[in-house]
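Have a look at these structures, which come just after this line.
Look at the two complexes coming up: subunit A is in both, with subunit B in one and subunit C in the other.
Up next is the complex of A and B:
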């Protein structure tokens, strides 16, 4: 995963991967037909998943996100779709309509493309390559710092939260039970966590200020993201073609 | 604590940033108005329409413009707060997301930064936190504009003195929730065709069964869940900021300048040089 950063994207620049994900998602949202979404899923994302070499972890993460969302979409649209005319089954307030079912299918395929395309990006890219690519693109150093620091801090904070929770339980805090005791447990976790984190912040601010984070001008990165003229051409032409297609597609729908 | 060469850092003209800020806000509001105005045709009309892409581009683009406008102007002492708040949002949001309640509690870090460092910092935290979280869970990406709005409103609430009283914070939190619930509804509708959880999905289904449009149903669900969620978040944050040692909470210029917290006199006189502008 991006935070662990041990994957090698096979010499691909993070921005090339991101461009690919953006183009796939934008096209799917633009065309908005389940046949197209399914084709993208089968022809682009499944091969990309296999090539990434981390399909197990990506699929596990995708399933955790997609299952509740897909269930919610099915619950809402298959059973309750007041606009639907073609009723397949009606029982009490529940009306299964053909229109609602197709709407749910279209949304489900679209969502799968959306989630998988971005997860493949974030699971194959290396955090330090992403930072280096953004520095090379002359992004604001503060933005780059926030982005990379957050990615490194998230696992640290999660483990710190685990430690605090264990310590509180060791001195007799009960986490199970009703909403009140759960809420109390959350506060017992949050207060020491936030106090600890905020006292670290001051030290970090001094260190960064002393190293000139607020100064203007370009930065050089210690690591360099892999890149090639071919990839640069791909990124530029893919985005241009996407724009062209969007204009033509919307124009065509307008005229029809 | 400024760097000897920091004087040259002011190459970013404030006028351009203000312009970008307005542009970002206008893009978000414009997208919302467009979606509300064209809504009946878009959902019932079925497939092949760009409503999903318009929603994503409008809200995400607006949030990115707000970021470009606010982030470079923040002082280093605030910038270092952001990653901590971001990670806090994600970690707590992930923990709560797995419980199955129709709550999110994923804006504790955002509101905390807004209270300590002001509306601009709050908005930047909200927008960035959804962008970073999207690396683990892409479905939160389109909600970046709503998260920025929460941070911005929380910052203004803090500036107006809401956090000086314990009981005011949850009330104002609920009001902020009305705004964030309203702005999130078109995203749930046009990008996802529903909600991201089963608890919230059941609520939307109930409104749909009564014959509401999908947008109306998700808006009502947002108006049920969000005010409660934000009231809890604001209550937690007010608890957190008063639990902070005075050494930490008086360090923030915004807190001192607008007398954000009900301070004991001794705390404020501890830094006599900076207590001149206590009344905002």
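Up next is the complex of A and C:
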């Protein structure tokens, strides 16, 4: 689910994108109302999705995450919601309650906001830019390395898995359409895949150390993450406003 | 500048020492080649110099760098090598360049900059330095490319550039040329020359004498962990002792030795006649093309006499299979295009030698692969050679046209099913090996094709024996040398006894012993009526060991036929060879000696020479 980004986020700094995602998610959590989540989806995330230019991939990934999760939320909360009083339908031990249904709806909207915000961020951010932005903020170089390696893990694994699978089939492993056959093939792939990834680790660790990963002192980066005074102002004020809103909102709820 | 003075090095957990008494040194601005066959200890020596192994085993000896000495007695109070500081001065490029990429950079420029970034070099200076290094090493046009999309040669150069950019004064390289075609080798050698010119000391470990060794000031030959031969390249290449080592030697010297052995040459009897005679002979041995011309011209009874074309046809192969058997594989109008290269998002990265988008990788190819013959598919990089091979076992399925193998149409049959008739050797053996032991690796194919455990074990053992790997059946494939790993992959497909052997660059990374083993196996398989198809850049091997040549150009079938016919058409006397191809060494030599039309095997060459 993590993308080794090449998309161009239209000159946006990765931290601007991240700030946007954090604000959206935090507000949704704070307000905790399905109407608000739905409004955020419609007014912020759907336009962002369209603007990203990668809506197909993002929607495919979102579907893969959301469909099973939403289904289980629906099953658990609609049918088995112990606090529910207003029974809409009852059959034996199963009671569909109004409270349970509304809870499921609220959860579903909230989850959609989380997943979409995260996916839009990770599919539009350029890994190189994120690394540069973190380096500029003097993050620990090893932590930055781990993060950027993770952002590129999926393509690497996919290409290795393809090679190994081709080699296994070339020696007589027949993979048919059925789930059992595919499942078996996947299991046979795992061990060599992990061994292969690990066998490179030692070599890579040496190469990285030789190139100064462990050296003390500040880092620089060749690639510059795009940024502007306006974006910096946006990040600062958005986080400030979020904090202010959180204090006021929690205070008001507490007073009520 | 740097030296390793080793009295013995044993890996932890190993009984036998990997390295015995060995002394290797390199001075600033000069190169030392460390040459040896599989398991000779050259990689161990290279890694010791690079500071990789002092914690991995017990070293008795000394490492010297710039006058400072680290002395090891193999005891507990040995000094510890500060790898970070050592690698500031000594750079290393290993056998698997891809594993040496940082893995976190999207372009070659960023990859190059990585070592500078870690040293906090300001951006403006970094930009200048990256450009300067790239221009110096001739890779400026690669800077915007993704490291995942580079060809083998480009990747090797990128990794070298990335490791020298921070200014080490020694560079150790382990088999930098293996897997590269002639063009890429030449251009890599030029890059290494530039580094020498910049004053670096180079240590280059290699399988043979014809890679970078001719340009090295000093050549050290290792065998069984010991230094067995040392001297200038000329001294080593002409040495009698070299001929008995599993090292790919100098082809001209080998041919001259063969000529001497066959008689008719004055030096013939001198070989066993004591050191002086041997030295005389060694000094006379030709090592370059021009020397070879002089040498062999001097051997001719009468210059200017033309002889009939001679080529020792693969003895007893043609005709050993009934004609009505028909071809083992048939391609009809095969056209294939790779999907457009996607970004790193999908993981589908453009394969190294795929042509640019737009042009089909294969374009209307019609071809029969005959049984009982060895066919070599040749052509420049990106001509479609590997793509053609991948069609034989269904790894690629034609978008237009058909491929039939063993009576099955590849479209509509899974690769695993076609594997019964086609054994496929991948170019990158490491992605082909995936089991815990060599024995299990070879059994895998047999088991997936339904052989019982006992039968699989028996056939696997036989295949390993044929490939000379009987002794390492219990080891992990990744513990073996590069050359042996390729032979394991070869054994794994031989074990199943398929009708068609499809071999992608089988000669790459093989040492001398491996090459002659491969040639013998190809001969046996063809004699048994199987079709052997190999894709290769090694035209010398192809013309000596194959019966037919297939030439691809830009995805189209440009020529095909018996080896001698195709070579005659491709390399007519006095004309430039087609782009991306180099005329076979013997052919060139014979042509210049006016043995016209010339011979393709050393036996035929010498026969022609004697009868001329």
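The definition used in the following text is that the second predicted complex is superposed on the first by the 223 of 256 C-alpha atoms of A that agree within 3 Å, B and C clash if a C-alpha of one lies under 4 Å from a C-alpha of the other, contacts with A are read in each partner's own complex, and residues count from 1 in each chain.
Heads up, the rule we're going with is that a residue touches a chain if its C-beta (ideal position, glycine included) is under 8 Å from a C-beta of that chain, and two chains touch if they have at least 3 such contacts.
Small disclaimer: the values here were computed from a predicted structure and weren't measured.
Trainee: Kindly classify A:114 by the partners it touches after superposition: subunit B alone (first), subunit C alone (second), both, or neither?
Mentor: A:114 sits against subunit B, while subunit C stays out of touch.
Trainee: Have a look at where A:85 lands relative to subunit B and subunit C in the superposition and call it first, second, both or neither.
Mentor: neither
Trainee: Which of the two partners, first being subunit B and second being subunit C, lies in contact with A:191: first, second, both, or neither?
Mentor: Both partners, subunit B and subunit C.
Trainee: After lining up the shared chain so the two structures overlap, which partner does A:199 touch, if you call subunit B first and subunit C second: first, second, both or neither?
Mentor: Once the two structures are laid over each other on A, A:199 reaches both partners.
Trainee: Answer with first, second, both or neither: which of subunit B and subunit C does A:210 touch in the superposed model?
Mentor: both
Trainee: Which chain makes contact with more of the residues of subunit A, subunit B or else subunit C?
Mentor: Here the partner covering more residues of subunit A is B.
Trainee: Which partner does A:128 reach: the first (subunit B), the second (subunit C), both, or neither?
Mentor: Only subunit C is touched by A:128; subunit B is not.
Trainee: Is A:31 touching anything from subunit B or subunit C once the two structures are fitted on A? First, second, both or neither.
Mentor: The answer is first: A:31 touches subunit B but not subunit C.
Trainee: Look at A:171 in the shared chain and tell me whether it touches subunit B only, subunit C only, both, or neither; answer first, second, both or neither.
Mentor: In the superposed model, A:171 contacts subunit C only, not subunit B.
Trainee: Applying the document's definition of touch, where does A:224 land relative to subunit B and subunit C: first, second, both, or neither?
Mentor: Second partner only.
Trainee: What is the shared patch of subunit A, the residues that subunit B and subunit C both contact?
Mentor: Shared contact residues on subunit A: 145, 149, 154, 156-158, 191, 195, 199-200, 204, 206, 208-210, 212-215.
Trainee: Per the contact definition, I'd like the list of subunit B residues that touch subunit A in the complex.
Mentor: 1-3, 5-6, 8-9, 11, 43-44, 46-50, 52-53, 56, 67-68, 71-72, 74-77, 79-84, 86-88, 90-92, 95, 108, 112, 128-129, 132, 134-139, 141, 191-198, 200-202, 204-205, 208-209, 211-214, 217, 236, 239-240, 243-245, 248, 251
Trainee: Provide the residue numbers of subunit C that touch subunit A in the complex, in ascending order.
Mentor: 52, 83-84, 87, 91-92, 94, 96, 98-107, 109-110, 113-123, 126-127, 130, 148, 162-163, 166, 343-349, 393, 395, 414-417, 419-420, 422-424, 426, 428, 430-435, 444-446, 448-449, 478, 492-493, 496
Trainee: Any idea which subunit A residues touch subunit B in the complex?
Mentor: Going through subunit A, the ones touching subunit B are 1-2, 26, 29-34, 61, 65, 68-69, 71-73, 75-77, 79-83, 93-94, 99, 102-104, 106-107, 110-111, 114-115, 117-119, 122, 140, 142-143, 145-147, 149-151, 153-154, 156-158, 161, 186-187, 190-191, 193-195, 197-202, 204-206, 208-210, 212-216, 246, 249-250, 253.
Trainee: Touching subunit C in the complex: which residues of subunit A?
Mentor: Residue list for subunit A touching subunit C: 3-7, 57, 123, 126-128, 131, 135, 141, 145, 148-149, 152, 154-160, 162-164, 166-176, 191-192, 195-196, 199-200, 203-204, 206-215, 217-224.
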